[in-house]
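Note that subunit A is present in both complexes that follow, paired respectively with subunit B and with subunit C.
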Partner chain A sequence: MMDEGTELSLTIAQIVQRLKGTHLHSQIERQAKECLHRPEIKLESVKEDVRNFLKVSGWERKLQNAVYRELHVQLPPSHPAAPPEHAKEPLAYMRKAQASWEKRILKSLNSMCTELGVPLARKRPAVEQKELTNKWNEMGTDEPDLSRFRPVYAPKDFLEVLISLRNPNHDSSEEASAKSHWGLIQVPLHDRGIPQMREAYSELSLTTGQLGIDDHTHVPPDLFESEHIRIGKKVVSEQDSAAAQQYSRQGCPTGLRADLWALILNSTNEPEDVMHYEQLKAGVIHHDLLVDNLIYKDVKLTASNDDYYFVFEDFLYQVLLCFSRDTAVLEHFSYNSATPPKSYIQGKVGIEEFAVVYPPNGVIPFHGFSMYVAPLCFLYNEPSKLYSVFREMYVRYFFRLHSVSSSTSGIVSLCLQFERLLQTHLPQLFYHLREIGAQPLRIAFKWMVRAFSGYLSTDQLLLLWDRILGYDSLEIVAVLAAAVFAFRAENLMEVTSLASAEAVLADLSTLKVMPLIQIFLFATVI
Partner chain B sequence: MSKNRTAGYKGPYGYQKRREGEGRSCVRYKCGLTNTIQDVLRQRPGWMEVKDDGEWDFNWCDVGWLRENFDHSYMEEHVRICHFRNHYELTRKNLMVKNLKRYRKTLEREAGRIEAAKCDFFPRTFELPSEYHLFVEEFKRSPGSTWIMKPVARSQGKGIFLFQKLKDIMDWKKDGSRSEEQRDETQVESYVAQRYVENPYLISGRKFDLRVYVLVTSYIPLKAWLYRDGFARFSSTRFSLTSIDDQYVHLTNVAVQKTAPDYDPEKGCKWQMQQLRRYLTARHGTETIEALFKDVDNIFVRSLQSVQKVIINDKHCIELYGYDILLDQDLKPWWLIEVNASPSLTASSQEDYEMKCCLLEDTLHIVDMEGRLTGREKRVGGYDLMWNDGPVYREDVNLETLGSACFTANTHLGCVNDRKKQLRQLLKPFPGQKRI
Partner chain C sequence: MSSIVTVAVEEQSYQWREGLLPRTDELTRPSELTPQSVPHIRSWFAVHGAEVDHISIAAINQGVANNMSVNTVPCTVKPAVTLQIEDAKTDSSRPGVYVVDVTLPIGQTVNIQEISFKNYYTAYLSMRLLRRDGEGAAKWATCLRNHCLMPSPHTEEGSQDYVSVYRQQMLMEPDNVTSVRLILRQPSSAWLNFTVEEIKIHPCLNEDSEWDIPDWLSDLTQVDQLCDLQGLPDPQTVSSSIQQMWALTEVMQTNQTTASIGRFDVDGCYDINLLSFT
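Our next item is the complex of A and B:
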């Protein structure tokens, strides 16, 4: 293991490498050059004065935010001799499982392709291109025949893969006992119990003010809300990414959330971002991809049928179609256990220069994928800004919800944590549900894969996602899932079948997430 | 819990717990409609339906019944009915426009331009054919503008069309040269021509309007309540000025949307008011949207004030209005002189049904046939008292606070509606129980 000093130098070197040549770099360089004309820059102390100028004019803060962003997506330090796939996923059996899952998905996609006689990609004729350009803002009015297309997979297919995961080094032949795990996930990953989480999520404690609890109508705003909003405005005006993240732990006020999230994600809407988006849009106009139909179908089946998100149908196409074509997303595969599907030019199989990633961003959408974007439409209505925020949320968090990995924010860990929390704190309920054939994970899985999007009412969902951003982890999703079961435990104890258990938990739209999470974490008797 | 209340009952400490002469243990009602209101009345404890010619204490009638029977009915002091005799002064577009214009003129004369400008929440509107020439003058002043023609008395979007050329409305031309016979034969229906709001606020390319509920329990003095819930109704197609013939784009009434070719009843094209308010706040910030809703309040108050003197104020009457408000891209609320004194109480979904049930239940709470209120309440369930012969403020106005400049209006449109809890606290006391 490297010592701390070397680790730090390595980290710094990596970040410098990543930021070199970026637009921010050239902007700062230019600012530094131009400021030399300013009277306050003295030749004797030019270095200090320039530094000072950059600080005062806000450029240092922008650089800080960029560095902070890089720290979020940086590969964890590893042994110099470790192969790159270890950075994606250190455990071999997880890598294998992910690889075989990917093979299945690809097979499914290819067979759909052959069956329907639709090419994976084709260039649009000029007429079609013109038509699409005119209809860009109302693609939802299109009613293409999507009946032949099926989603490549649904969350429940993925759940089966996770259930069958086994660590070959783990001897699970011991007899079932009270200590054994009752749930569906049978891999020995480490997770945190409530005592550790109480420390980690100290800002959610009973004595700390929260949006989602202490902004309730009967609580006078002077107690918490007014001050919290004042601090929020300050954070936004300071443009401090790290401060925004810390602030978000107690929730973001409705009027400030859009700016705060953009800050936390370091999502800018500079001309270069807009240009990048326009390029992607041009890509959509020029080429039609098979996955486009999957996207259309998903939006029509999920978001368009939602009482609140149906309005944003057009935005969803504008974001997701561009997302499919964004090769910048490929970067995240260095820390994602998944590998983008590749196909090779004929005759050159295996030679990397002739590999083509499909779709260009390497992400194959599944049933419900559009729900990752839908809630964001509430906050941003400029397509390029909306796109920028979504993409960052995807490469930081959402990708972990549908790939097999040992990451603490990964879906496997979330499922395991959910089951363990339930078994530890609601053993009677868990046992009862198991006995009637209603494994809790079978119900909670779909909530967690979507980070509860489409299941909670929008304002509650946004309060939950505030904390995902604030704590830079999806763990809270597992906690909420357990808290929901705890909340409805009485009714669940009465049911006698999986179907009735599903019915009890079918409608989460009236739930208030923060009280549930707070009570579960801080008021549960350990 | 005894429901037997006699008039003039005094509580254990000797003070009147409710108004003299009221507090009925059994309310006989008549109901002329067959939708949500039927269910709400039927479920109300102590209320019994009377059929045909039976005597009633409460009547939820349709306007037809009112027209035929009101003038011949003798109503005892306690009796209540759900319409004002001449509500059409508010609901018929040509009469309302007249009332508004007259009110605005009076205001300008008495209080100056700035005060009168607070009435500029409706687009230029003219009654045709009577104001045809005035209309033409205005039409010529704004070349290229779009106008909308609406029949004065029809609802649900029937008979409405847009036009940009004078020739499209030749039938409404007031022409002295038409012969007597011609005029008698072809009585042209009264319409209003209104300047079309060409820059409506769009959400994801779609136009929407707001349906808001206002309850008036008295015109002189004016007492009006604003309900917290309501909804935003979206047009099911994207907004564009290029297809003014496509009425589906421009009209957001659910009734019209239901006939549009791509209407999917499963989809539902409504948002709850809370959802809309949150969306707007997220996009524009709290202060801006608070100011917007304050402007919306202003529309209700001014429109009611403008008919205050013409409406026959009868203490037996109350009326529930459904106002339609449109926002433009500058976040200015417009009133297109659309108000319904018989707002559609037919529910389009389970959620809608529940909302309307609560709305009607709270309406009946305010009517208070059971005599449970003191008459000094500022809030009853989901209703907030908006105007009580003067503005109503959230804060208690007393000698101490009088100097302070910071008074907020007592309205909460689109805010949290925790009516059940509020009603539990409000309607708690029964005879013999101490009010906490």
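Our next item is the complex of A and C:
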């Protein structure tokens, strides 16, 4: 515990370091130089006047947004004695579990490579490159033979890993006691009870207006909706990242959502971003990766089969193939408990100058991965913008849904939170489901891993993701999962098998998420 | 790899990585600075007419941050002693209190700046110090009472963190210490074992000898000895603006960007072997 002054200094120094050399830095420098010609800049007070100019012209706000973005992804300053892996994940047994899970995935990928005789990476011959460039906007029309490929893993494989997580120092003797946990997750992470969540999610309370509830057709718009939209327009015109995040807690109006999310994520579409995207596209054209086939297969199996998302098939390829080539994603591994897979150029095994990461972004897609991108296609139709927003959402939130960590937004915490909420507030239901062999997590896990993408109707999903962005946390996903069980509790009490429990919860497309969350958090008797 | 010194002078921030402030042998390279150097840097600037707003020393490359407080005092850590109520050794309950003694070699004393350790499921820490007073007699005193390491003892938060306890947090001056007693408490029965590991005692830096301003600095004209300027600008302003210009050129020279180039191949080649894992 360093004193606050030192911690603040460290944070400032780290952010300065990161923003130096970025495009924004050079833009602001150039603006500052060019504004010296302006009449209002006086020599005696040049510093003040330049600063005023930058403030008035909106550049200071852009800098503020950039700093705000850095604060989102920055690790808290760690103790000098702590090794870097401690910053990724402080608990040793979780690091170990993540490492052995990764090893399994690597082995699986390697064996796919050798069995199918497909190289991990291959430079495309010129003819093929030309063909792909021509076909770039309609890759969905291609029907490659993907029958030999299988996904590296599916969410249920990952669930087994989480279920087997054990803290070697935890006393898990079998005697039933008040603190027995009925669920599948047996690690003692901290979870929040409803009283704490009521404080944390106060903007969702019964007396506060919400999009998703108070914009219903029967509710006159003057009560909430018109004013909320007016404020939203103001936030967008002010271009204030922090304000947009706070605003999003009550939902984003459909017409403003794309701009608001881009603002919250500080996702720009400047020429340099477009150029970066083109560079990634070139990477796709030049090299063919084994991982590409996994992406194709995943899109064909999930998004293309979905009534809402099949129209976006081409976009999904354009985003996910480029995502795999983006080395900028590697930065997030400093705060992700996962480690990117490594390999060497042929013939140079062991020589560090020839060590590379595979795939270039270090992320191996699993079954359902494309569903992280699909809902965004409703908001953005320009591939570079869509890409920029998706990448930022991945490195802030989605990566936590498929790695083993003790983070409060991590999938382990979400699962535990879900089970604890259910056990505390719906004990009869939980007990009944357990007795019939239908552990609730087995049903809810697939929803949470995808942050409900593909299970809710799109407008409801976007309202949920508004709150994920607004509260900068995935915890709301666990709350919704518990709320869904609460909503269908009556039907679930009647079922007598896992299969029938699954059937009761198979179709969530008619659910309205905000009323469910609101009732669960604020109307539950505690 | 080194630390970065950031000095804010009149709201402008300068950074040094190598070859620090001009002409000082005493204020050495940034990698050798510690938070205790801050007042000395500030007074150095004050002597040269620059009002410093904010000084920070940040170790950006965390792996080398150990430079900061790497001086530790050799000490022996005795094995933990449990405190239990009954004399008979009953297996049913695990101890909830451990006492760990850390002793210095005989005859040595230390002025403690910081005690650092790695936690392993200890919830609360109390510390007592055995200090030698003027006459050579040794007395125990409590310097830390129920310092919370795990906000929620039944859950994992804080359970495996690296922790430092600083001099400023202690209830009395940790000077002339010969022995440290750590009293560890873990009231939750959820854990099989608890302790603290890698205990290190960091002594105070001997400030006086290291930071002597060299003689030639004290020969500088004092502020109140202003001579007749005869139309020349004020030497204070000249000196501070010269410093600022010098600092700016230093910053430009050491300006390194962390932006990556983005290529994932090695010289155009990405034909790779199978994935490797250790």
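Keep in mind that, in the parts below, the second predicted complex is superposed on the first by the 515 of 526 C-alpha atoms of A that agree within 3 Å, B and C clash if a C-alpha of one lies under 4 Å from a C-alpha of the other, contacts with A are read in each partner's own complex, and residues count from 1 in each chain.
Note that in this section a residue touches a chain if its C-beta (ideal position, glycine included) is under 8 Å from a C-beta of that chain, and two chains touch if they have at least 3 such contacts.
Here the structure is a predicted model, which is why all the values come from computation and not from measurement.
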item: Partner chain in contact with A:126 - subunit B first, subunit C second, else both or neither; value: neither
item: Touched partner set for A:43, first subunit B, second subunit C, both or neither; value: neither
item: Touching partner for A:84 - first (subunit B), second (subunit C), both, neither; value: second
item: First (subunit B), second (subunit C), both or neither touched by A:525; value: neither
item: First (subunit B), second (subunit C), both or neither touched by A:16; value: second
item: Touching partner for A:353 - first (subunit B), second (subunit C), both, neither; value: second
item: Subunit B versus subunit C as contact partner of A:312, first or second or both or neither; value: first
item: Comparing the two partners subunit B and subunit C, which touches a greater set of residues in subunit A; value: C
item: Subunit A residues touching subunit B - in the complex, by the definition given at the top; value: 137-138, 141, 143, 217, 229, 253-258, 304-305, 307-308, 310-315, 377-379, 381, 458-459
item: Interface residues, subunit B side, partner subunit A - complex; value: 203-206, 234, 237-238, 262, 266-269, 271, 275, 278-279, 281-287, 351, 415-416, 418
item: Subunit A residues touching subunit C - in the complex, by the definition given at the top; value: 1-3, 5-6, 8-10, 12-14, 16-18, 20-22, 78-84, 86-87, 90-92, 102-103, 106-107, 109-110, 113-114, 119-123, 167-171, 179, 187-191, 276, 279, 283, 287, 325-328, 341-346, 349, 353-354, 356-358, 360, 406
item: Touching residues (chain side subunit C, partner subunit A) in the complex; value: 4, 6, 13, 15, 35, 54-60, 62-63, 65-66, 68-69, 116, 118, 120-121, 152, 154-157, 159-166, 168-169, 189-194, 198, 200, 255-260, 262-266, 269-277
